[in-house]
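Look for subunit A in each of the two complexes below; its partner is subunit B in the first and subunit C in the second.
Our next item is the complex of A and B:
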């Protein structure tokens, strides 16, 4: 059903050959993504020219403070922006197909199936008036065309895989009967149940306690190893990133300011903002009396500084930074940075 | 901030706070949430005592009970030699209310959106009938500048400020009556990392300048490590371990503290050390386990732990732990 005018050969079938069209390994290629939202008076640019590539089986982290546009990037990729008047420009290529040119119906066949998302607050992301079972089987029946019995069976299997021991009981329970950590497991089970190729996780552990956070992060690692799922992890927490990401993209005010393999970034951050962020985390290894700070706060969309957006808070800002906007440049293999300080070294 | 052992400013003894669970048409009490279930500790003059634990462990309730926002169910709170646990409101207002102040977590919810900063900051002075109008205004401006805001801010409303700036206002408000003891309940948890560092530094500067004593409540062991002199770890309404910061971070004794420390993702030069992942979740505080409250999740629990509740006792001088492994 619901397959009118849709080429089913590529998206809806889980054969490994379905991605032969793409060049080599890139699963998702975002180029020059621009998202603008309407605030009632004007169009505000929340994501401004973002490039992002995720290979098969890779975990890429999108890091930034609130207002940096990281969640908006995720929602743009999933086309789940809260505002119907939002404008998304650029390209989001998933296995070679540009998601931005798909119709709503085509997108629905992919979302939850090939691309799945987990949200920050599991308590509000689940529907409070439907049982866990109903919510979990909906996608299985729609995407995988399972009958009710098979769907319930698969749901129970997945609940067990994410470490819920009394899965058979939980199927008939409502979200309010479960704790936050349990709900997040259910969300992950639900997202994984159609075995997506890309899992977008928006702050999956932010609302949880540290011991539960450790459990969930462990679970995400297992999922990625077992199913070779690519993960786009959105977070403000650099420590979480350090634990599980292969590559990191640091965002500031709607733009990527630095992008590098995780090891590189943590050992030798190049952008003053990244350096500041890393320095501002209370450290476990060295003890200082005062924490290094980044003065000021993140600018709001619509009030961007001309030139480099970070210049007003940057300790190294020169006169040129106020006039001219630096470009993202590749400095070393795979290490990109948007800053004039490193311009001549490239 | 190293301090010689100083006089206690607050001495909490076997403090309990139970909240009744009311159900049914007549709202009968059918049980109690044992949020704080008999904790004892002292806060020394001039120090920062960090209180850590996961959500629901009772750390915020402990703080709020100490400032008498809640009436304690049992126990004593000895502030400057006087038990304030059961003082009537009228007596509280003349002394304790002025000297103990609180900074709240959410700077968006804790400031009245319909009042200007000037009004918000002046109100405590008016309530306590301090100074003339002109002196009051001078003090407000002085404090705004102290916390890093412009003097013109007195005419602005809270919504015009960012989260970090609002938290600065929250701090200024706590300081306005010139208190000696401040309870800061997750003061930086709602802030971004870069702003968080600014506020932590500000709190430290103010502590030095005004000789303040802090009870710093947080779930973030990284932040606690940075601000505290001593650290208490709470779990399910009980104090599990209490020690100098250096000791507790170098050699955590309690299995819960150990797992808490290992669970936290860190940014450091080395990749992950072995992580202790706790099974299951925190039991409900309305029906805490018999014996040691942690035994249901403890990797090292043995028979005794199920029946006998361990007491918080000194294992080494200044290092207290409530665990059968050590006593």
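Our next item is the complex of A and C:
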């Protein structure tokens, strides 16, 4: 199967050939996504011209610090932004249909059915006053038009598939009776029960403790292998990315700064920000007292640096970086980077 | 659960005893007495003395209290001093259904109007809808219901003739459901206004909090309509604090019904109570107060039980 690279630049830079291939295999194709939220006074841009492609059965990781716009990207794709005044522009093509031009009703019929999402904190993402059974079956009954008995049966099957042994009992229990890891398993079972083509996982392991994290990641691997589900994994945990992702998109301040196949990115990161992120992973091999950090923090929307958005925190920043904004460029096959350092290579 | 109900019922006993002592004391502190308003004001001092003696009203107050309490425990609330010979319990129970009908209808009315309004305000906070609802809430809370009642009688009943001016049913007419409803609309609405207004504000703030919760986003992620998300996933959570509030609202409904029944000549407990107070009909006053107290205690217990029904995290 072809792996279609992430097409960073706008349409005019695409080669005709890649367009054809894209049409054949891409499940989700996001181009030039711009999301703006209203903070009461002005429209703030939280995602700024993002391109992203996910093939069938592929796992793409979206990484970056808090505030880099990765969750906003996921919520924009699902059209679940908390603010009704939010504006989403660009194109989100799912199996060729632009989701942004669908009516509210058409989008609802896809959401939870073809595209499903799991969230960061499973303890708060489940409704505390409804039983697990109610919460699991309502989607099945709505999308797949199952009757009550069939829906319960399917729900129990899925609970077993995600590794919950006493599924029949849990159906009648409430979220507060389960542990965090169990809740996340329930969330995954719930999201997968309609057999979606795309699973968007927004930091699915962040709120869990380490041993449970590994179990949940294993579970997601299994699901992806068994059901050939495409996964958009949003995380700031690079160890998780290394384990599961086929391709990685690094986001900074609402933009993609680097995008590459996972192996490539971990072996030879090109963008200084990616290097910084990788450098901040604790390792057994190098003995250091302190972990290296990237000084400073992500700029908030509305207070963006002119020129390269990462320049104020970049060790390699030149005078030009303050003036001019670098563009995302393909340096080698499928490896894109947004940095002047690599402008003349590739 | 049953243990909890028993425990709460036991706790109610000292509360009820306290209420009875307070009411008894305050009632006797009020000037005048039942003899002041007897049918014949020219009654001789001897006859008056005989009346007081006969009903034990010359005994020291503690003795009178214990006599009353001893009988009341056995279910005997005594006899009216004014309508001589009529048992108090009979007077109360003949009027209780009317009051309960009025109260439950206006309670439901308050809930069914304030919940959608509050939710609407919470969905679009700080919008024109929200502000106008806030405005009308404050107007509703600030309007005394006797005044609103009289105003509506003047306008809707006297001028427009749409509603009867008072009573529970057309006199001498055969029992007719529509006629009963027709008589019920105005008093129920008036009684509901103040609590409806307050309740809307509480529903708004409760739902405002609920709408921001993660589980609401999860429900939206399943593709349900916004209305399903709000009423199926949100409302049950938003109602948890409201239920406690409804328990507290019960006494205010009783107090309100005393006045509304007076305005609309509604032959209920409130109407009877006002008469009894004016005539210093001691056994009737005591009877009604105790019965109201019991209902309020019961209502609060009911609210606590509902609380556990709605929120599975609560166990008794």
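Heads up, the rule we're going with is that the second predicted complex is superposed on the first by the 321 of 346 C-alpha atoms of A that agree within 3 Å, B and C clash if a C-alpha of one lies under 4 Å from a C-alpha of the other, contacts with A are read in each partner's own complex, and residues count from 1 in each chain.
Here is the rule we use: a contact is a pair of C-beta atoms (placed from the backbone, for glycine too) under 8 Å apart; a residue touches a chain by one contact, two chains touch by 3 or more.
These numbers come from a predicted model, not from an experiment.
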{"item": "Superposition on subunit A - do subunit B and subunit C clash or fit", "value": "fit"}
{"item": "Subunit B versus subunit C as contact partner of A:138, first or second or both or neither", "value": "second"}
{"item": "First (subunit B), second (subunit C), both or neither touched by A:318", "value": "neither"}
{"item": "Which superposed partner A:78 touches (first subunit B, second subunit C, both, neither)", "value": "second"}
{"item": "First, second, both or neither for A:211, with subunit B first and subunit C second", "value": "first"}
{"item": "Partner, of subunit C and subunit B, that touches more residues belonging to subunit A", "value": "B"}
{"item": "Partner chain(s) touched by A:87 [first = subunit B, second = subunit C, both, neither]", "value": "neither"}
{"item": "Touching partner for A:126 - first (subunit B), second (subunit C), both, neither", "value": "second"}
{"item": "Subunit B versus subunit C as contact partner of A:117, first or second or both or neither", "value": "second"}
{"item": "Superposition-derived minimum Cα distance between subunit C and subunit B (Å)", "value": "7"}
{"item": "Contact residues common to both interfaces of subunit A (with subunit B and with subunit C)", "value": "none"}
{"item": "Contact set on subunit B toward subunit A in their complex", "value": "1, 54-55, 162-165, 192-198, 200-201, 204, 219-223, 225-226, 249, 259-260, 262-269, 272, 275, 277-278, 281-282"}
{"item": "Residue numbers on subunit A that touch subunit B, as the complex places them", "value": "65-66, 179, 181-182, 209-215, 217-218, 236-240, 242-243, 266-267, 276-285, 289-295, 297-298"}
{"item": "Complex contact set, residues of subunit A against subunit C", "value": "78, 80, 82, 107-113, 116-117, 119, 121, 124-131, 138-139, 142-143, 174, 176, 187, 190-191"}
{"item": "Complex contact set, residues of subunit C against subunit A", "value": "212-215, 217-225, 232-233, 236-237, 240, 310-313"}
